[in-house]
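Which chain is which? They are A, B and C, in the order written, and residues in each are numbered from 1.
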Amino acid sequence: MTASTLPEAALGVLPRADGSAKYSHAGYTVTASVNGPIEAQRRDEHPYEAHVDVIVRPAAGVGGTRERHLESILQSSLTQIILVKNFPRSLIQVVLQVEDTPENDYVNTKLVQASLNFAIMPALFQTSVLALLSAGVPMRATAAATAVAVVPEDGAKKIVVDPSPRQIEIAQSVHVLAFTSQEELLLAESEGDFTVKEWDDVYETAQKICCRPASTKEGMEMVLDEEDAGGPDMRHFLRSTLESKVTADLHWK
Amino acid sequence: MATERPLVLPGDVIPPSLIPTSANPNKKQQPLRLGPGLRHIPPSDIVPTVAGQLITVPHKNSMWVEYNSSRYTPTPSDLVIATISRSGPDFYYASLSPYTANATLPHLSFEGATKKTRPQLPPGSLVYARVTLANKHMDPEIECVSSATGKADGLGPLKDGMVFDISLGFARRLLMARSKEEGKVEVLELLGEEGLAFETAVGRNGKVWVSGASDAKGNEGVNAKTVVVVGRALQETDTKRLGVEQQRKLVKKLVREMR
Amino acid sequence: MPREAEPSLNEREFVLKALQENTRLDGRELDQYRPLELTFGDQYGVADVTLGKTRVLAKASAEVTVPYTDRPLDGIFNIATELSPMTSPAFEVNRPTETEVLISRLLEKTVRRSGALDTESLCLVAGQKCWSIRVDVHVLSHDGNLIDAACFAVVAALRHFRKPDTSMEGGVLTVYTPAEREPVPLSWLHSPFCITWSFFGEEGEIALLDATWLEEQVRVGSCTISLNKHGEICQIAKLGGTPVEAVALLQCTNVALSRAKDFSAFLDRKLAEDAKRRDKGGLLAELSAENDR
């Protein structure tokens, strides 16, 4: 099956959670539920702010160290954008269930002890942000994330956005970056060998994807040449997804 | 009135043209009032915190973000339907929404209650109550009597009947003084016109209590079918977002099925 | 973790009272299921099942491993069920609740022990190499009747699943990647389904199918019958609760059979639809290296 190149999302997919989202992009499909603010357990209770609990569950097998690592990265970056001070002594619980990951047709993966790849990070991050927005949890800003790999090609190095599993395998370094809607860098995690120059290039590419400026002229059809920009436009994607959600939600207002 | 209702996302910049300034220069300058979904970052930035529609009312000099959350946040003077979870020495502990901290309901905040005559409510009882205190640092407090008049005004324990879950936005519509004209919700009136006898209580926490009234001959007891029809009519109107005409059709269909 | 909210006394009384008048809160008949939906993922072996507001996702996966020493000719087959806080904040990670244990046990008995999957066919080299098939059950949303939905999802996922093709030549085992050879389906013997009856009333005289979460909290007992479309019963579990008359149980089994037939037909139809969707241009038949049994 071909992996969809444009991100797709649906909000409010789980009827019993406060907020939920299903997001698929570059072969990854993740469903998230958000419950909160709810009563926190004694050990998680903080007198001045909400505790953000992130749980990542792989599609097959039980979560291990890698999932805990992803959870801790997500937890610290989500705590930054949620207004945790608004809900002292409470808990905001984000559960991320991975449904699909792109398969590498050239390798037989050991699925039973599946551990999640670093490149799934943008999908996890984006789904959590969408689910938080769907739950109406107050936030400082929205955010967008992307994965960028530096892949050697014909002796030169090429920067690839949303790398495929095959590309990750041969990549020299993989980077995950997230930016808030105020264009601040929220998260930067890297894996592999790279130079400062390469990182600068990666940063620029990621920023272009996450923080493309809003269309200058209202009403004019936006000419979005995906080829030209080298990746999807996360910011507009987020806005259009929420536009439909808000209209539907406010029917009874 | 507000004509433009732009979509805002958390952290968006609100164009200064949308922020109401004092509309009437003759009157004294009213301070700008910020409603839910907005926060003020000193000195002069106003930033949305949720995704929703930005509503501005220039003549009241106020603005807020209209959004739908599925978790109820207690606000003073809201009417709610609470479930008693246990009783303490001076308070009942009552749950307003699942998985959140219990609200406290003093034993004596019922009409005419004294230490000896207060209602004895076992765990699992329902009460219709008003929120008196809601503060992010404290557990909410509710009462079943108006502290000003000492009268119940319809509040108190709810006997029999059934509770149905509805969305918070729909609960608000039902609670509007003129829900038929302004809220476009006619379903309860329509059911009444079909000859069903029932009573309801709507809680802002997304719950509606429905009970069949005793019939004309004075036969006590709840007619379960009536209650189910009312509950289903409400829930379907809510989830399918039915307009007045569709509500009429739905009521006709449900009543026909019942008979 | 916060505790699960108990239904109020009013709700408990009313549900029972309405049932005595043959009325369910959502207007269903007593033996009527909520609308059942099934979608398959882009990958093989992913089944997403919704039953009203209940939603279960099952994912099958395979890897080559060493067989158990006491069963050198059998492959390994496991079903893992874990209820995450996504199901309800009352569930905690790594702390199994009673519900979770019961579901795993029932699925184990229904699918694994009934021999639905031919584990002998999973053997590659006796005593040395075999396939290990694993199904992960993820409950995304819980509105009652998890068992029936989960069992349906597991069966659907396994029947949809394809494992990599292998060959044995001169004592050398080759496992082909999906790029080299089209993966092959599992050797599937029969499709069991769970049908759960819930009992209400003082003597359990009211029986209904596909209980919602509220109904489950009020019921006095339940009985899960696992059977396939041929009427072969894999197991019957009635774990405690109010005793129920034998004649009534017999009646329940008869209705369960007709439901199992419905499920079976529905699953066959969905699988055929999915196969059609994947088989664009009719190339799959040529790519397949599998022999008809």
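Note that in this section a residue touches a chain if its C-beta (ideal position, glycine included) is under 8 Å from a C-beta of that chain, and two chains touch if they have at least 3 such contacts.
Which chain is which protein? Per UniProt: B = Ribosomal RNA-processing protein 40; C = Exosome complex component RRP45.
Since the structure is predicted, the reported quantities are computational estimates derived from the model, not experimental observations.
Colleague: Taking each chain's centre as the mean of its CA atoms, which one is most distant from subunit C?
Modeller: B
Colleague: Report which interface contains more C-beta contacts, comparing A-B against B-C.
Modeller: By number of C-beta pairs in contact, A-B is the larger.
Colleague: If you average the CA atoms of subunit A and of subunit C, how many Å lie between those two points?
Modeller: Going by mean C-alpha positions, subunit A sits 31 Å from subunit C.
Colleague: From the C-alpha centre of subunit A to that of subunit B, how far is it in Å?
Modeller: About 35 Å, centre to centre.
Colleague: Express in whole angstrom the distance between the two chain centres, defined as the mean CA positions of subunit B and subunit C.
Modeller: Between these chains, centre-to-centre, one finds 40 Å.
Colleague: Scan subunit C for residues touching two or more other chains and write them down.
Modeller: Touching at least two other chains: 2, 89.
Colleague: Which subunit A residues reach two or more other chains?
Modeller: 35, 38-39
Colleague: Where does subunit B touch two or more other chains at once, residue-wise?
Modeller: Within subunit B, the residues that touch at least two other chains are 99-100.
Colleague: What does subunit B use to touch subunit A in their complex?
Modeller: Against subunit A, the touching part of subunit B is residues 7, 9-12, 37, 39, 47, 49-53, 66-71, 99-101, 136-137, 167, 169-170, 172-173, 238, 241.
Colleague: For subunit C, which residues are in contact with subunit B within the complex?
Modeller: For this pair, the touching residues of subunit C are 2, 4-15, 17-18, 20-21, 23-27, 89-90.
Colleague: Going by the contact rule set out above, which residues of subunit B touch subunit C in the complex?
Modeller: 83, 85, 95, 98-100, 122-126, 158-163, 209, 222, 224-225, 227-228, 231-232, 254, 257
Colleague: Hey, which residues of subunit C end up touching subunit A in the complex?
Modeller: 1-2, 41-43, 46, 48, 53, 55, 57, 59, 61-65, 80, 82, 84-86, 88-89, 93, 132, 134, 136, 138, 140-143, 164, 175, 177-179, 278
Colleague: Quick one: which bits of subunit A touch subunit B in the complex? Just the residue numbers, please.
Modeller: Per the touch definition, subunit A meets subunit B at residues 18-19, 35-39, 81, 83, 86-90, 133, 135-142, 180-182, 238-239, 242-243, 245-246, 248-253.
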